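Below you'll find a set of structures to go through.
Next, two complexes with chain A in common: one pairs it with chain B, the other with chain C.
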Partner chain A sequence: MAQVNQTYASTRRRRAAAVSFRVGTLLALALVVGPALWLVLGVVVRAVPHWRWNVLTTLSQGTSGGLANAVVGTLVLMAGVAVIAGTIGVLTGIHLAELATSSRSGALARGAIDILAGFPSIVLGYVGYIALCVGLRWGFSLLAALLILSLMVVPYIAKSTESALRQVPTNYREGAEALGMSSGYALRRVVLRSALPGIVTGLLIALSVAGGETAPLLYTAGATNNLPTFSLLHQPVAYLTYYVWTDYNQPSDAAHYVSYDAALILVVLVLAMLAIARIIVARTQRHSETSR
Partner chain B sequence: MASWIPIGGLIVVLVILVIKAWPAIIVNGVGFLKNSDWLPGNTYGAVVHTHGVAHPSGSNYGAWPLIAGTLETSIIAVVIALPLAVGAAFALTERMPAWLARPLGFLVEILAGLPSVVIGLWGVLEVGPFLAHHVYPLVADHVPNVGPLRYLKGPVGYGEGLLTSGLILGLMIVPIIASTTRDLFLQVPALPKEGAEALGLTEAEVARRVTIPWVRSGIIGATVLGLGRALGETMAVAMISGSVLGKVSPTIYGTMTTIAATIVSQLDSAATDGTGFAIATLAEAGLILAVIALGVNLVARTIVSRSGRLAAPVGRG
Partner chain C sequence: MDEPIRAQTTSEAIDPVLARLDPDRDRPTDVMATDALSLSFASTTVLRDVTMRARQGTITALIGPTGSGKSTFLRTLNRMNDKVPGFTHSGDVTLYGESIWGPRQDLLTIRRRVGMLFQRPNPFPMSIRDNVVAGVRAHGIARGEQLDVVAEMRLREVGLWDAVKDRLKESPYRLSGGQQQLLCLARALAVGPEVLLLDEPTSALDPLSTDAVERLLRTMTPALTLIVVTHNLGQARRLSDSTMFFFDGRLVEHEATETLFANPREADTGRYVNGLMG
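And then the complex of A and B:
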């Protein structure tokens, strides 16, 4: 009898554990998704009621006015990062996946990329300020900001490029070789082409990271209420995150509005980039399924 | 050849950091790691020399509160983020219909992509006040006043401080751990799981005895990577911590600051120090942060590479 009771108790305990596990995992998901929704909606609710579209077309006056200079500045920074970090990152990824698969320099580069990916961004910004803005007398400038931002996001691009190239099926390469293509030609026409969606997705995510950065920019890009100029040196560049950071605790409502508007534009920008990346991934998956 | 650029960039950054920090390392000495003062001295007054390095008279720097604040917020963040991330990854991969799992997964992804300054804005304007009014008082009033639990008692403040910073950091690193964990769970072959279930194990027991052990070291590696991210996070903490220099917070609710937040908020005023000593001291703080982050990164790499060898490739069921 005691034996039966014990078994029964343990069954009940197991059932309770199973239910609490199910509830616990759903609760954990709710505690992640809930704040994420609160965060996005919180920014929308703060910015939308007083939103005026001319924010996008008028220049900032610091704690009031529009954000045209910051929007253009952020886009210029993202474009510059796409060129500099895109080139270095994609080439590094190709090198790691195709040429340095098991060499010593490949291992070294992978280590450096992992360390850079986890490197505190404010320390990179600090070094940029000391070495480029002060040391080389560039002042707050586009080039200093671009170099530091690029150094920061190259690891993302290199890693996603490497893994996209590794996922290209081996029989593509074998087929290209069987057709007598040189390895360089096969890389360009066959391998890179089928890895392109993965590479572009990584690039988009890296750009959204670059567009949302603040710490490495504060002391390299500086601050200005003017539109970006075409000079690489000695001219500060405006960017959206700066206005979120400086205006949220200013005493005037106008300043708060500038801060919330900048936050809203940043959220929309990031959502757009992530959505595009998603669409690219979904498209290519559908294609690969039909082609099989 | 392009892969030499990241290597070169990293080396240049580290060399500049050490060169810039060197005068501060000489003057501040070992005491920098345990003192609590953060006194720039009289930057418009007399210049004195210690060990041949010029610095303003009365300057005295100690980084202990910053180091402690960095470690405390990051530990809170990991303690919060690990169960949430693993639980959420479970909920998303096991037995959730795709039409629901996909948008919820996208929300988690969004959390990873939002700028930290926006998360800081939300944290300081909405989360901090909410927690300080509705949650912290409940905890502080009902926790028994014994032993280490006293850390949870005392004035709860206005929502800017150690606990709020740690919680927000935790939310920020959840996507890092959750996305890795989700991918790992999807790689666990169905056969052992189905076998365990056929033997009568409940869902919870399958998770505890099959799924999690299968991918444990991968989860640990992702957690340590998240820890590295939390250690170096700047803007959110600079906005939420209260940015109070000079002392370690006596309770979990108190205002404080971290190394990264101090560098971003003090560099402006440090540039007014004509001797350059304040800048050098910030470089030394940055060097300490970089060393901590490098250490964490090496640990994560070791764990992940070991897990890569150990993960037994079993064909799909």
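And then the complex of A and C:
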């Protein structure tokens, strides 16, 4: 039949639509991947040529010296946020997904979380400064910085926990229910296990965000050239983004080097977090449906 | 002796005596029964006035078109519908003569005694061995090394042991669909249920796996009482002792399977079993 090889106008249109859709998605992907690579490479290219390892072991002297105080400070901040925001965020997420599914309190909590997530971080920082550093007379301190940073990332953690729990197949829940597991037991032994990769990934991304944050810390953590002490109050804490920000604005090469070094360390930290997230996901997914 | 026994056969004389000696004579042989059970979700009535009984050690098939209420009925028997928003019921469901909603009944114990197997195999995201003993652990039935014994026993029972004995620590999702369903069956059996509810247990399986599951189910009576929802009329005929035909939320007919298929009493039953109604 002659008609078999005939290309209809509608077929051509459909093909054109498919091709342009593909091109569109590729373009969007390039717009995401390009800048990410450009940023990482930009930092690496500027920092690596003058990199000295003793940056990690010597204290800062303002616009020169090392960054040991800032590295330790950032790690302490991230660890503290992991504990405080991790606990609150994960528990909130569990509550939203498992307990407050249709209730009014759930809607209220979700609204509050959305508002919190939409708050500019500098406003949170300033509120922290007024309320904690000045109001409660804590001064620039680890605790004020931890609380404000935690407040900032709790919404991320709660949201990612909630969505990870919602993606747990109904199959698992029904199976657990039919075996006579209590809902708490099923949550701990079956549901959370299945949601763990999503929860951990959300947590680590939130920690990367916390580690890369500057504005709220300027108001709450202050600045210091010393290592963090064990006191929660009245002692400022150093952090990497401070040096990225202040030293870049200095007119000397030495200060710029410090700035790029701090940026490089941050990038490596963030990449390490993402790698850890991947490893945890891979390890806990050994028995999951997706990794056969 | 007030009167001499005037029996025509020996058995007529002896049976009542033997029956009196039977320690189980007062125990109801109806394991699960419903009495005028009606059920609604909010304003939608799903079941109307269903009265049935499932005798000890029998297999009862539930058939009927989609939306006839048979799956809802099945899920009511282990109280899986209790938490569905808008759930209300009247009438009763009894397990060995006691209401499953009775004040002394513990929901988790009911679910242990009345197990369930689902349409799609649903192993948990844990190792094969942990899957088998998941319920046993939850109910504290066994612990430590006993769990390995339970796992082996149940896996042997469902004929899966030889296939999985070298990969007990591996993911269950590498097993075939049929094997996964057998694993779920082993998991359900491990907690020692008295009744097993099966919701289209083979509809997601290939014919060979279906055959394996069916053969296994037949070996589980009389210890267990099975209630099976199925869309597969052949399966109902092959497997069950009696069959219940549901239509539009009502139990239209409950008869011995052979009778129901050969001489349906109701016109609707006849049309359904002869393929005139989907």
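Simple rule for what comes next: the second predicted complex is superposed on the first by the 240 of 292 C-alpha atoms of A that agree within 3 Å, B and C clash if a C-alpha of one lies under 4 Å from a C-alpha of the other, contacts with A are read in each partner's own complex, and residues count from 1 in each chain.
In this text, a contact is a pair of C-beta atoms (placed from the backbone, for glycine too) under 8 Å apart; a residue touches a chain by one contact, two chains touch by 3 or more.
From a predicted model like this one, the values you see are computed outputs, not experimental measurements.
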Which of chain B and chain C A:Leu233 touches, first, second, both or neither: neither
Touching partner for A:Leu27 - first (chain B), second (chain C), both, neither: first
Partner chain(s) touched by A:Glu174 [first = chain B, second = chain C, both, neither]: second
Touched partner set for A:Leu274, first chain B, second chain C, both or neither: first
Touching partner for A:Arg193 - first (chain B), second (chain C), both, neither: second
Of chain B and chain C, the chain that contacts the larger number of chain A residues: B
Touched partner set for A:Ser182, first chain B, second chain C, both or neither: second
Common interface positions of chain A, toward chain B and toward chain C: none
Residue numbers on chain A that touch chain C, as the complex places them: 102, 169, 171-172, 174-182, 185, 189-190, 193-194, 286-289, 291-292
In the complex with chain B, residue positions of chain A that touch it: 14-15, 17-18, 20-22, 24-29, 31-33, 35-40, 42-43, 46, 87-88, 91-92, 94-96, 100, 105-106, 108-109, 111-116, 118-127, 129-131, 151, 154-155, 158, 205, 208-209, 211-215, 218-219, 241, 244-245, 248, 259-260, 263, 266-267, 270-271, 273-274, 278
Interface residues, chain B side, partner chain A - complex: 1-7, 9-10, 12-13, 16-17, 20, 83-88, 90-92, 94, 104, 106-111, 113-122, 124-127, 171, 174, 178, 202-205, 207, 225, 228-229, 231-232, 234-235, 239, 260, 263-264, 267, 279, 282-283, 286, 289-290, 293-294, 296-297, 300-301
Contacting residues of chain C [partner chain A, same complex]: 78, 80, 85, 107-112, 115-116, 118, 120, 122, 124-127, 134-135, 137-139, 170-174, 184, 187-188, 191
